[in-house]
Structures are given as C-alpha cells and as structure tokens.
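In what comes next, chain A is part of two complexes: it sits with chain B in the first one and with chain C in the second one.
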Partner chain A sequence: MSALLEVKDLHVAYGAIAALKGISFSVERGQIVTLIGANGAGKTTLLRTISGLLRPRRGEISYWDSDDIGKVSSSCSLSSLAPHLIVRHGVAHVPEGRIVFANLSVRENLQMGAYTRTDADGIKADWDWVLQLFPRLSERLKQSAGTLSGGEQQMLAIGRALMSRPRLILMDEPSLGLSPILVQTVFAAIRQINANGATILLVEQNAHMALTTAQIGFVMETGTIALSGPCHELLRSDDVRRTYLGES
Partner chain B sequence: MPNRLTVSASSTQRTFTWYALYALVIMLLSRTVVGWVGAYYEQILIFIGINITLAVSLNLVLGFAGQFSIGHAGFMALGGYSSAALSYFVLNPALMSLPLDGMLHAVLENVALAIVLFAGGIAAAIAGLLVGIPTLRLRGDYLAIATLGMGEIIRVVILNTNFVGGARGFTDIPRWTGFTWVYLIAGACVLVVRNLIASTSGRALTALREDEDAAAAMGINTTRHKVMAFVLGAFFAGMAGGLLAHYMQYLHTNSFTFLRSIEIVVFVVLGGGGSITGSIIAAAVLTVLPEALRVAQSWRMVSYSLLLVIMMLTRPQGLMGGREFHWSWILPRRKQA
Partner chain C sequence: MEQFVQQLINGLSLGTIYALIALGYTMVYGILRLINFAHGDVYMVGAFFGYYVARFISTQLGYVPSMLNFFLVLAASMAGCAILGFVIERGAYRPLRRAPRLNALITAIGISLLLENLGQLVFGADPKDFPNLIPRTTLSIGVLTVSNIQLIVVATAIVLTLGLEFIVHRTKMGTAMRAVSFSGDAAGLMGININRVISFTFVLGSALAAAAGILVGLYNPKIDPLMGIMPGLKAFVAAVLGGIGNIPGAILGGLIMGTAETFTVGYLSSTYRDAITFVILVAVLLFRPTGLLGTPARSKF
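This part shows the complex of A and B:
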C-alpha cells in the first residue's frame, strides 16, 4: 500500500485563534480513515484546509495523484492550490451540514458534481451507479434539493461528490441529524463507495459507527491529534470508550 | 440520464434566426407604430428599452450570480461619456467632412453608432474588470458598499473632467440613436444573458449564488465566473449609457448618481432576481408608472414609492419569482408523445 495523502505539521488559525496546532497524519490508498473528536476540536477546519477552502499558516499537505489503475503519476502540494483545482486532482468534499444547491433540482445538483468532467460515458456510468446506491434520489430527480428531507439531502451531497469520480472523499459528519436507520443506510453506502475503489477520510461524531466502519482512526483534541491507531484497538482503549463511546 | 449542457451548433443557428426575426419586427415597428404615436410616446418607449438593457444586465450580476452590486449607473456613465467623446471629437467631425449623399451618410452614421456603442461597452467592461477583481472577493454588504463607492468615484471623476463638459454637462452629442437601435441592443442583451444562463457557465453561476464554498468544491472557479458576470453586466450598462447619450444629445453626471443605480436594483428586485422576463416587465412598468402618475401632480413620487412598497409586500419574491415566461402559458400544450 502507498500513501495517498500526507499532512505534516499543519497549523491553521482564524485570525488570532489557533484551530489546528501541528497536525500530522497520513492516509493510505484504499482505506477508510476516520477522525473523531469533541465539538470544536478542529475536524471541519482540517477538511476545509485539505480541500483548499482555508489556507494553512504552516505545514504541508502532499497528495499523490494517480491514474485509474493506481499508478502514481505525480505528487502535488494541495496547500498551494485553489479549491476548484484540487477537485480536478480527484479530491471531493462532502461538507458539514449537507450543503446542497437548494434551488437546483436533484438532477442539476448531480450534474454540478460532474462539472469538471467531459467523459460522457464515464459520467453516465457514475450517474447510474449513484442512483443505484441511493434509489431514493432517482425518484426525486426533478424535485428541488432544498425540499428534500435531511437524509435525502445527505445522500444527494454524497452522490454529488461521487459524480466527480474522486479518488479521495472527505466526508464531514455524514450521519449528523439522521435517524438510526438512515445512519445505517449512509454507512452502508460509505462501505460500498470504498469497496468501489475510493479512499475515504471520514469525520464523525458517531464514534461507534465510525470506528466499526473504518480501518484507521485518529482522535482529535483541541487542534492536535491525541490518539491514533487501528480502529479495533481504539475501540478497546479506555480513553476512547470513556470519552467518545459514553461507556464508564 | 444526465442531459449535457452543451450549446449545439443548431441552437446557435436558432438563436440567430430568432434575433433576425426580432430585428425585422423592430424595424417594421419603427417605421409604423412608433411614427404614429408621436415624439412623447416614442421617448417613453426608448427609455423603456434602455431600462430593459440595464435591468437585464444587472440581473445577471445580482439575480443570477447573486453578487450585490449597486454601481450600475457608474458603468452606464462611463459608457455614455466615452462613446459620446468618441463620436463628438472623432467620428462625427470625420463624417461631416465627407461630401456624402444622404443615403451613404445614413449608412455610415449607423456604422459610427455601432462603433461608439461598442467602444462605450468596452470602456465600461474594462472598468468592470479592474473593479471586479479586487471587490468580488468581498461578500454581501461589503460588495454593495464597494460597488456603490466605485459608481460615485466614476461620477465625480467625470464631473471634474473638463473636456467632456465637467459640471456644465456634455452638449451637442450627435443624435444617432432611435427606437430601432435601442431595441436591437435590448434584444441582444436579453439573448446573450439568456444563452449564458442556459450554458454550463450559467449553471456554475447559479451554483455559486447558492453556496460559494460548495460551488468551489465542485471545481467551479468562482472568482472567474463572478468577474465574468460582472464584466458582461458592465458592458451592457455601458452600451445603454451610449444609447442614452446619442438619443438625449446631452449628458450630465447628475443623471448617474447612486439613486440611478438604486433604481436599476429596484427593477431587478421587483421583477424577481433570476428572471429575465421579470426584469423586462418591471423595467417597462416602472418606466411608464411615473409618467402615468403625472395626474397625481406633486404626489407623483410619493404614490410611486407607495406602489413599490405595496408591490414588495404583496409579492416579496418579485413579480416573476425567478421564473421565466414560457410559450406554454399562452399556447395550448402539445400532447406528450
């Protein structure tokens, strides 16, 4: 296995407030990696920095671009690229709070996802796949996205990201505010997306679901990484069980 | 199946056919009805056409791209003054010095008008580019203040530029515009904006209006698209200024204060942001209304403002609420195959 993303000593601040204080970690190709941590730990900040929406004060984000068969073709530094260029390298971001284009239809939202692509056949294939993954969307193609239920909007946000055929997907709390049954649906989809070849960096509050779905986990605390390891080990750690799984 | 958003060759051809037909109708009207109604009503029709151009071009920026720009009068002034300077100092003297018969003179006059209108549009577009690149990074109310300031700066600079008349105003501009040109430009503006909105770039604009970060995360170069909308809007505002200059034969900076900008914003908001049809109707109605309200005499502007308030209270989403006119509204619907 090889690294797809490597973050080194990342510092991000909002004005005088430091949000990330030296974060280092790497994501291997083909994995699901999860980031858990309390509110305000800096998880969203980290994802927004990787996708270029925020600029780091210091630190390096390296990404190894590759073609479809996984051959590494180039390495690039994401921290110097604008967000619209980062997408073209195969990094998609499913933002926190399931942000969809509310006044566009479901169909148009999905089309926006493929904005950077020109391969009509590939787009068609991904379109079919997304609708197979989330059949509820195919019944609502003409509905405007703002009128979808919360769970449907989350599916749309994920589907839209998939339409760019990403190699790395950054997901920010996809289970936020969903009913238990929908959480299951969304996590099943995440596993399928990963099985289909995409690497996933998953930020979650639902630590139990996240740690049972991912292979590697990082625990963030106030802008730093406090703990890391394979998920099955984290699940057994007393610290994690007390703080994030609500066990005593 | 995702329908692709590409403008095919046949649709470009269709656009041209439509425009040619429209131009024909306009020319016919100018030879007939416009002549019959008399100068007063012709002037109102001309102001409607100019205001439609202003409203539709601002709607591109404000309604479709969601950028709260309120400096449209500044671009209009820049286009008006630069086109007038070009015709007054260069093209009109040149035209006068040629020993031409009536027919050829008329033809050349139209060519000269086309040149100065285009030049005015380009001058405004360049200003739009220079202003847009730094200010479009600002959001919401900051952008509004920046564009408002920009409009006032353009006005004050012109006010202090003596060779275009300064505080006295720019007089003796040749009268080259009439009904036909005003509506040819208005039609072109509607067509360009409509086609842009239906294109991939148009979809990108709508996306960035909805959520700029999410749009960037789709791979949309948000800055470039905002600047493009802004520059195109400025271009048509500049053309509108040129039309006004060569119809009124006189320009004064008092016609381009921020109140003028606000008036154009009102057209867009009242018609419904994101609806071209709405902008057209609102521009027409609000141009006619102050004239129709002349019966109210000194209460004219009060009743005008009152009507605005009532309209916004009863239809806060604007007349058209973002929708467009479609033939299916008046024609019986064809059966689905």
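This part shows the complex of A and C:
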C-alpha cells in the first residue's frame, strides 16, 4: 500500500473564522476512506480545499501521481493549483448538492466530465461503463439535467466525475436527500467504482452507511480530526455509536 | 397599412443591430453576472476600425465599393474588436474577479468613459462620414421600399446569430460557456479553465458589437466617438427586456426595441425616439423583471 493523498497541518479560514484547524491525514491507494462528523465540522471545506476551490491559509496537500499501471511517477503539491489543473492530475470532486449543469442535457453533462481528455477510445470506454453503472441515465441522455429526479442527478454527478477517469474521487454527501433504496443504489455504485480501481474519499452524514462501506474512517469535530481508525473499530467505539450512530 | 409594414421593415432592420449588441451584454452577464457598460463603446470602436480599414482599402488598394469590400471591412473590424474585448477583460475585469461585484461594475463605467474620451482624442470629436462600402440600390415592392443595405444588414445579422448559436450549442467551448454560466465552481471541477471561457465570451461579444458598428455605418453613415452611448443603452434594455443572460431573449429584445423605436418616430414624434427605450425599461422592471424569456433564479442561455 502506498499513500495517494497526504494532507499535513491544513488550516483554512473564511475571513476571521477558522474552518479547519490543522488537519492531517492520508489516503492509501485503492481504499475507500470516509470522513464523518456533524454539520459545520469542516468536511465540505476539506474537500473543497483539496480540489482547489478554497485556498488553505497554511499546510500542505501532497498527491502522488501515477500512470495507468499504477507506477508512481511523481509527488506534487495540490495546494496552490487551480481546480481545473487539479482535475488533470486525476482528482475528481462530486460536490455537495450535486451541482449538475441543469441547463445542459445529460449527454452534455457527461461530455463536460471528459473535458480535459482527448483519447476518444478511452472516453468511449468510460462512457459505456458509466451508462452500465447507471442504466437510468442512458434513458435520459437528451433530457436537460435540471429535469432529473434527485437520485438521477446524484448518479449524473458521479457519472460526470467518472468521465475524467479519476484516480481519486472526492464525494460530498452522495446520500443527501435520497430515499433509502436510492442510498443503497448509490453506495453499491461507490463500491463498484472502488473495485474498478479508483480511490474514494467519502464525506457522509449517514455514518452507518459510510462506516460499513469504507475501510478507514476519520471523525471530524469543529475543524479537527477527533478520532480515526479502521471502520470496524470505529463502529464498535462507544463515542461513535452514541454521537453518530444514534445508539445509547 | 403600407406605412405600418414599411415601419416594421425599418424597425426590424434597426432591431437586428440592437440585437447584435445585446448579445454581448447578455453573454457576459450570463457568465460573470457583470453588466459590461463599456460594451456600447466597443461597438463605437468597431465602427471606427471599419472606417479606417475602408479608407485604407479604397485609397491604398483602390477597391471600389463592392460586397468584397464589405466583407473585408467586417472581418477586420470584428478581429480588431475581438482583441479589444480580450484586452479589456484581461486588463480591467480579471484583476477584480474576487472583488465585490460593484467594483467591476464601476470599472465597466470607467472603461466606457475611457473609450469615449480616448476616441475623441484619437479619432477626433467631429462626426465622420462612413465610407460607402456597397453601391446603394433600392428595391420597390409595390408601395414598399427596401434598400439593399437593409437586406444586407438583416442577412448579416442572421448569419452571425446562427454562427453564435452553433458555437454555443454545438462546440465544446460553447458547452463549457453554458456550464460556466450555470456554476463556475462546478465547471472548474470538470477541468474547464474558467478564465479562458470568460476571455472567449468577451472576444465573441466584442466581435458581434463590431459587426453592429459596421452595419450601422452602412445604414446611417455618420459616426462619432460618442455614438455608442445611446445604442449601448438601448441594447442593454433589449437584453433586460429579453431576459438578461438569455441569448434568444437578447435577439427578441433587440427586434422589439428597434420596431418600438421606428413606430414611435413614425406615429408619434421623433422627439420620443430615445424616451421609448426607458419607458420599456421601466415597464419591464415593474411588470416582468426577469424579462420575456428569462426565468427566475439561474437558468442562462
């Protein structure tokens, strides 16, 4: 196992208000890693900083680029790159609230996902794979994305991210606002995407789903990491059970 | 009845010019949520580029008025203004990308004043006669008269609009423009270089404004450095009337503004030529603030 992403002493603030107060953690290649925590703990801020939408005050985000056969080529710092350059390193972000382009068709949304790519054959292969993963989307290719249901929009947001053939996918609350059956569908897709080789950093409010899907978990509290460990251990921890799983 | 149809023809050909300018306002607004008040002055510069290029090719190259002349002048002026639009965005608006939106708006007004005064300094404040690019002929259909200039104006505007439609809906860059107009953040996460899309939008809008400047030079051959103020305002109102940020809306708004103006002049008095613009603006803001084709909140194009 080798590290794909390493965050060191990350500080992010909105004006005078500190949102992240020295976060350090790393994500190993091939894993599903989850970040759980209450509203306002800084989970979304952390993902937005990794993908370049926010600039850190302090700290370092290192990423180990690799070629398709997994040979590590170089380590680079993401903390000073613009979002559109970070995508080119193989990091995709499925943002909170999905933010599919409602004024574009489903087809165009997926095409935008592959915006940085020029390998027509590879794009075609990923296109087929995304539509196989989410058959619902293939029935709706011509429809404008704004007319999709919440679950379909989430599938589109994930599919769009996959179209860049990412090595690391940041997912922000993919279960938000979905019915229990759709939550199952989305998490099944997440496992399948991971089995297909992508590493996943998953932010979730649904702590139970997250901890049973991921291998490693981090619990965030007000801008810091309070607890971390393998998910099966976190699931047994009294703190986690009381606070995040609603058990007494 | 003849007068009505005649005014309609005149109004629609004037309206296509407003529509071309309005497209630039609406595209920039769609992407940046900025009213680029310097846009009317870009149109003025376009007319002057055309003036100098036309003089050059007739005196230096000895071309006589013809369609070729017109195309050369149109292409040169569109290219010149495309560069101007690029430079304005790069130099004036990009440094303010993270500043409050009001700062960019004030800067736009500043750029507008700069272009107007620089125009007076460089081109001279006196009106100039726009050279005759195409031999004028008039076609009579019954009691109606249509000049070949009107036909060329309308045909050029239609071709340019179709070209824009193609770019926005059929190319990767156009799709990226629509994506950025919906959400800059999400577009960035797709790997879209937002700054490049914004530059491209200014280039497109400014080239269309230059085309409007040339067409107006054909139509009404007096140009001066302050000529952009009133058409700029009217095109802005046209964009608001159609629903700002909405491309078909800008075209519809431009056509309505043009016909409203010629009907006012024809049936009421030419004194109210400009007043009608602001009557329409006030009416839109009172009764349909989102414009005719605009939707509340955030759908663009």
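Before moving on, here are some points about what is shown:
One rule holds in what follows: the second predicted complex is superposed on the first by the 248 of 248 C-alpha atoms of A that agree within 3 Å, B and C clash if a C-alpha of one lies under 4 Å from a C-alpha of the other, contacts with A are read in each partner's own complex, and residues count from 1 in each chain.
As a convention for this text, a residue touches a chain if its C-beta (ideal position, glycine included) is under 8 Å from a C-beta of that chain, and two chains touch if they have at least 3 such contacts.
Since the structure is predicted, the reported quantities are computational estimates derived from the model, not experimental observations.
Partners chain B and chain C clash in the overlay (superposition on chain A). Looking at the shared chain after the overlay, A:Leu110 reaches chain B, while chain C stays out of its contact range.
Of the two partner chains placed by superposition, only chain B is touched by A:Lys124; chain C is not. In the superposed model, A:Arg236 lies in contact with neither chain B nor chain C.
Considering which of chain B and chain C touches more of chain A, the answer is B. Once the two complexes are overlaid on chain A, the chain A residues touched by chain B in the first and by chain C in the second are 51-53, 82-84, 87-88, 92-93, 95, 99-104, 108, 111-113, 115-116, 160, 164. Contact residues on chain B toward chain A in their complex (touch as defined above): 1-2, 4-5, 200, 203-204, 206-207, 210-211, 213-222, 322. On the side of chain A, the complex with chain B involves touching residues 48, 51-53, 82-85, 87-88, 92-93, 95, 99-104, 107-108, 110-116, 120, 123-124, 127, 160, 164. Against chain A, in their complex, chain C makes its touches with residues 172, 175-176, 178-179, 181-183, 185-194, 298-301. Considering their complex, residues 51-53, 82-84, 87-88, 92-93, 95, 99-104, 108, 111-113, 115-116, 146, 160-161, 164 of chain A touch chain C.
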